[in-house]
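We call the chains A, B, C, D, E and F, going by the order they appear; numbering starts again at 1 in every chain.
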Amino acid sequence: MTLTKHPKTLLTIVTEAVLEGALLRDLRERGAHSWVVGEVHGANLEGVRDGDWEADRTIEIKVLCESEVADRIADHVLHAYARHYSMAIWFSAVTVLRPERY
Amino acid sequence: MTLTKHPKTLLTIVTEAVLEGALLRDLRERGAHSWVVGEVHGANLEGVRDGDWEADRTIEIKVLCESEVADRIADHVLHAYARHYSMAIWFSAVTVLRPERY
Amino acid sequence: MTLTKHPKTLLTIVTEAVLEGALLRDLRERGAHSWVVGEVHGANLEGVRDGDWEADRTIEIKVLCESEVADRIADHVLHAYARHYSMAIWFSAVTVLRPERY
Amino acid sequence: MIDVVVFFFLLGVLARLVKSDLRLPEALYETLSIYLLLAIGLKGGIELSKQPIATLAPQVLACLALGFTIPFALYPLLRALRFSGVDAASLGAHFGSVSVVTFAVATTALAREGIAFESHAAMWVAVMEAPGLIAGIVLASRARAAQGTRVRWGPLMHDVLFGKSVLLLLGGLVIGAVAGEAGTEPIKAVFVDPFKGVLALFLLELGLVAGGRLADLRRFGPAVAVLGLGVPPVLAMAGALVGLALGLSTGGVALMATLAASASYIAAPTAMRIAVPEANAALSITVALGVVFPFNIVAGIPLYIELARRLT
Amino acid sequence: MIDVVVFFFLLGVLARLVKSDLRLPEALYETLSIYLLLAIGLKGGIELSKQPIATLAPQVLACLALGFTIPFALYPLLRALRFSGVDAASLGAHFGSVSVVTFAVATTALAREGIAFESHAAMWVAVMEAPGLIAGIVLASRARAAQGTRVRWGPLMHDVLFGKSVLLLLGGLVIGAVAGEAGTEPIKAVFVDPFKGVLALFLLELGLVAGGRLADLRRFGPAVAVLGLGVPPVLAMAGALVGLALGLSTGGVALMATLAASASYIAAPTAMRIAVPEANAALSITVALGVVFPFNIVAGIPLYIELARRLT
Amino acid sequence: MIDVVVFFFLLGVLARLVKSDLRLPEALYETLSIYLLLAIGLKGGIELSKQPIATLAPQVLACLALGFTIPFALYPLLRALRFSGVDAASLGAHFGSVSVVTFAVATTALAREGIAFESHAAMWVAVMEAPGLIAGIVLASRARAAQGTRVRWGPLMHDVLFGKSVLLLLGGLVIGAVAGEAGTEPIKAVFVDPFKGVLALFLLELGLVAGGRLADLRRFGPAVAVLGLGVPPVLAMAGALVGLALGLSTGGVALMATLAASASYIAAPTAMRIAVPEANAALSITVALGVVFPFNIVAGIPLYIELARRLT
């Protein structure tokens, strides 16, 4: 069995949790319909995790969308926040079955 | 150093937590040997997270497997649950070192 | 709008939580600058999750880096730990905007 | 005078309305809910040991019947309000099952007013959790008979009967009954004395969740408000009559009225999501947690106590 | 004799210094912090109901003014110590706002020594949370005026005023005031009796976090130590004088000194991260939690109590 | 009559056997475990302050020796039962170390029967945590000497000695000893009164985990059952004799027997996973938590108390 798959972009943003509210607003304004957020932590050499502290938690946001939407979001996020906030952003090429949804 | 890598498919399913038990059964029946599950949350414009409520949690299941297995799982899951349950599914092309394991 | 993107490798390691400290040391020694760790769980047919037990938790480590660094890390990790520890490793091709950071 | 625990609920609602960032960790919510179920069960169990079994049998049967009947009784009404078949079935299941926290608030209200009640009442809660869910699933499978979807009763019954609510309530009851007053003495500092304070914390959490549901209220239109405010008093009356027929005390009648009037927002949503996925989950939870629960906590319980006073 | 709760703090610091794997679950930390805020509020509220409003107004105004003034007063000093404009503003905000746990430790120290204090003091805490943050943001926007970044005051004020600390403290105060002594009696087993034990657990957690910050201390150099040890006593003196001017009791003066001397490590870091992202967050938190907090807990509070004794 | 806390354990086992969805949040489990360690330590510490150091030294030495000897004594037996070298070493380490909850259950059983015991017994637990682990690692490195794998003792000793169990127990002991009866009075409402209720909750959680291990029992065959049921009484006898030799009270002898008979399921699994990764982790944990722990809780402790009674 082979299903018909459609290419999309998965945008991943790892950043400080305080930005969650602002980022999700930005996402929506730039055409993302939905997204998923997970809690993660960075870690240093001693194996001590950050995230012990409230103002110090890290989130990972994933948005599955059209390549242009991902670009629009990444471009904005980079310019608006990356200078002063910890942030890692990457794009993955993925495929989906129901292209009209993303 | 360059390692010999083998192509596999990573299938990601984001859906309602109540489906966890049923999905894992389906996965196994369709040839997945193992998988990994994480807890995530969606979020709306106000930054209010869902997942506050027991019947309202979201999980992300990842299965690394042969492309055909991924197709078989995705096809079944889409037909069995996608109509009535929140669900996002995507495929990524990845490579692994020990192909016989997945 | 099209942004200039640069190819990198995303290395994902799913393994036992007791290895966290050792792995992060290994990562750093082999040229990874930063990484992100999430807590996940495996699950068996009955839908009973592992991770109930302290010595039994599972983590997912992601490192965005140069392909050679990913190879170096994966090679070491495979030889040092994979024989006696549960472990899944995969590589994804991704793109980033600020290549000098990873 | 409003009970202090109700203020915690209102504080939670307020926090959500002003979009505060206050949230209780999920683990705390789960812990509080495990605690309340065990504590209620234990308290009931200690008394149960003093009870002749013969007096309990009719109560158990009546509770089963009451919970099972409610969804069937509400179904035509809900259809008349233009809810779809599966939504009517799911809403009925929520009303047929019970809310443990509403029960707990009612017991503290009775204690405050010095009204005695059957001390094994926790057993009624345990018994009334499941029948409404089963009735709802029956109704749903009739509603969609045309589509040919089959219900897998085995796993469903398992999930309902061995779900954590029933298990902890019954577990507490049995432990309380077997260990008795003396045996449970050393754990009273955890399971008895802090009960009301823990209930206050739980109501803060429920206020946050219920407050979050208020926004959905508008979306579903006035039918939902009518339903959430109109149905509980009617069910309370039915519950009170059952209590009277069983010859319960004034407090017992009030509790039976409260149980009938309360809607489940823990067991029912999960059970319906699995058994009746076509039903609109947000609708049922908005009714149960956004309307019925606040109504019962703030206005319903005093009403039902008054009702019981007049009837007995 | 050092208070037992301080030992828990030291145990936490020690655990971090010897790189133990001890960590408290995040949910526990959040739970303890919600508990302390509610419990402090409730205790204050019960007494508030007995108070004529007239005596409170000047206290509220003085607290607002004190919190708002501190960042402005510290700014030139911090600039002189070669901190950048935004860092000086952010550090000022941390000092202008307050630490609820430091306050709690001070109240238990007073209780232990049998020194009375205004029982509605929790209100001062609630009032002093926000003004320092606002002053810090004002200072930061002046510091970076050249860059043309604009502050969005609307959302900021909302986050500060409806943030969980203020909401829970005020919520507890109002519930305590409305329900009164009698109404809150049944929840005392949760919100009053265990208070000091819970505080001990919270201090264990704060010890772990503060211990983790000690490593950063070296990175920031001696200016940070000077700041963290030198500023609190000066602010304490200012706070004590305000307390005197308000005609507070000995305990009240000591508490006002403690509040002024304490630095926020919950509300301030989050608010500054959002409003003043260019500021070095690790710097402020290291000062507030790695130096000021331990200093106040171990040495400051006894000093401030002694100060209050001499002044009154 | 079975102690009420044991019923909670059985409820947890039952919940797992009937495949209930009941689970306690991980944060609660961690919190309960931190609480128990601190509370046990504190209680012991308060008494320790009244003790002349001279009487303690022989006890400490005896505990160290007992814990260190057990793995060596069991090794030949385990090899005879056809366990591999590393598995025999790992199993030995689990038996050589101790279970804090088993100790806690034994103390409440003694209290219930009115049998006095050395109130600083918590110190024995702290001392007996590590030696068995070290002995196990020594045995394992001998077993695999051929392979040439080297043990990195430095980090291992660090993890064992500064692991959270030892740290919290010793921390509690020192705080209790320094603050004394009077100093710890205000935190008794948290660390003393609720102890047994918290223990009940913890046993519910352990019941869930142990119940989950029962399924594995079949996989490992009868050797595991023989081991889990046969070894504890023998070790208990050894422990009791050590207690006798030290001149302990009846309760003290019973506790020493219990400590010897108990198997670690917290510190040992983690330490062995890191130091002896070739050992089968599921095997050791199944023995320690699936067989030894339930056996000790339900049948062992009463036996060991009886043994102590006869011997003293």
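One rule holds for everything that comes next: a residue touches a chain if its C-beta (ideal position, glycine included) is under 8 Å from a C-beta of that chain, and two chains touch if they have at least 3 such contacts.
By chain, with names taken from UniProt: A, B, C = Transcriptional regulator; D, E, F = Sodium-dependent bicarbonate transport family permease.
Keep in mind the model is a prediction, meaning the values are calculated, not measured.
Chains that count as touching both subunit D and subunit F, per the definition above, are E.
Looking at which positions face the partner, subunit D and subunit E present mostly different ones, since fewer than half of the interface numbers are shared. Averaging C-alpha coordinates per chain and comparing to subunit A (Transcriptional regulator), the farthest chain turns out to be F.
Placing every chain at the mean of its C-alpha atoms, the farthest one from subunit D is found to be C. Inter-chain centre distance (subunit B (Transcriptional regulator) to subunit C (Transcriptional regulator), centres taken as mean C-alpha positions): 18 Å. Look at where the CA atoms of subunit C (Transcriptional regulator) average out and do the same for subunit D: the two points lie 45 Å apart. Per-chain Cα centroids separate subunit E from subunit F by 41 Å. A separation of 35 Å divides the Cα centre of subunit A (Transcriptional regulator) from that of subunit E.
Residue positions of subunit E touching 2 or more other chains: 19, 23, 25-27. Annotation for subunit B (Transcriptional regulator): residues touching 2 or more other chains are 38, 46, 92-93. Here, these are the chain pairs in contact: A-B, A-C, A-E, B-C, B-D, C-F, D-E, D-F, E-F.
Subunit A (Transcriptional regulator) contributes residues 16, 18, 22, 46, 48, 51-56, 81, 84-85 to its touches with subunit E in the complex. Listed in rising order, the residues of subunit B (Transcriptional regulator) touching subunit A (Transcriptional regulator) in the complex are 14, 38-47, 49, 58, 60, 68, 71-72, 74-75, 78, 82, 88-93. Of all residues in subunit B (Transcriptional regulator), those touching subunit C (Transcriptional regulator) in their complex are 1-3, 5, 8, 10, 20-21, 24-25, 28, 34-38, 64, 92-98, 101-102. Per the touch definition, subunit F reaches subunit D in the complex via residues 1, 3-5, 7-8, 11, 14-15, 18-28, 108, 112, 193-194, 196-198, 200-201, 204. Listing the residues of subunit E that touch subunit A (Transcriptional regulator) in their complex gives 19, 23, 26, 208-209, 212, 266, 269-270, 273-274, 277-278, 281, 285.
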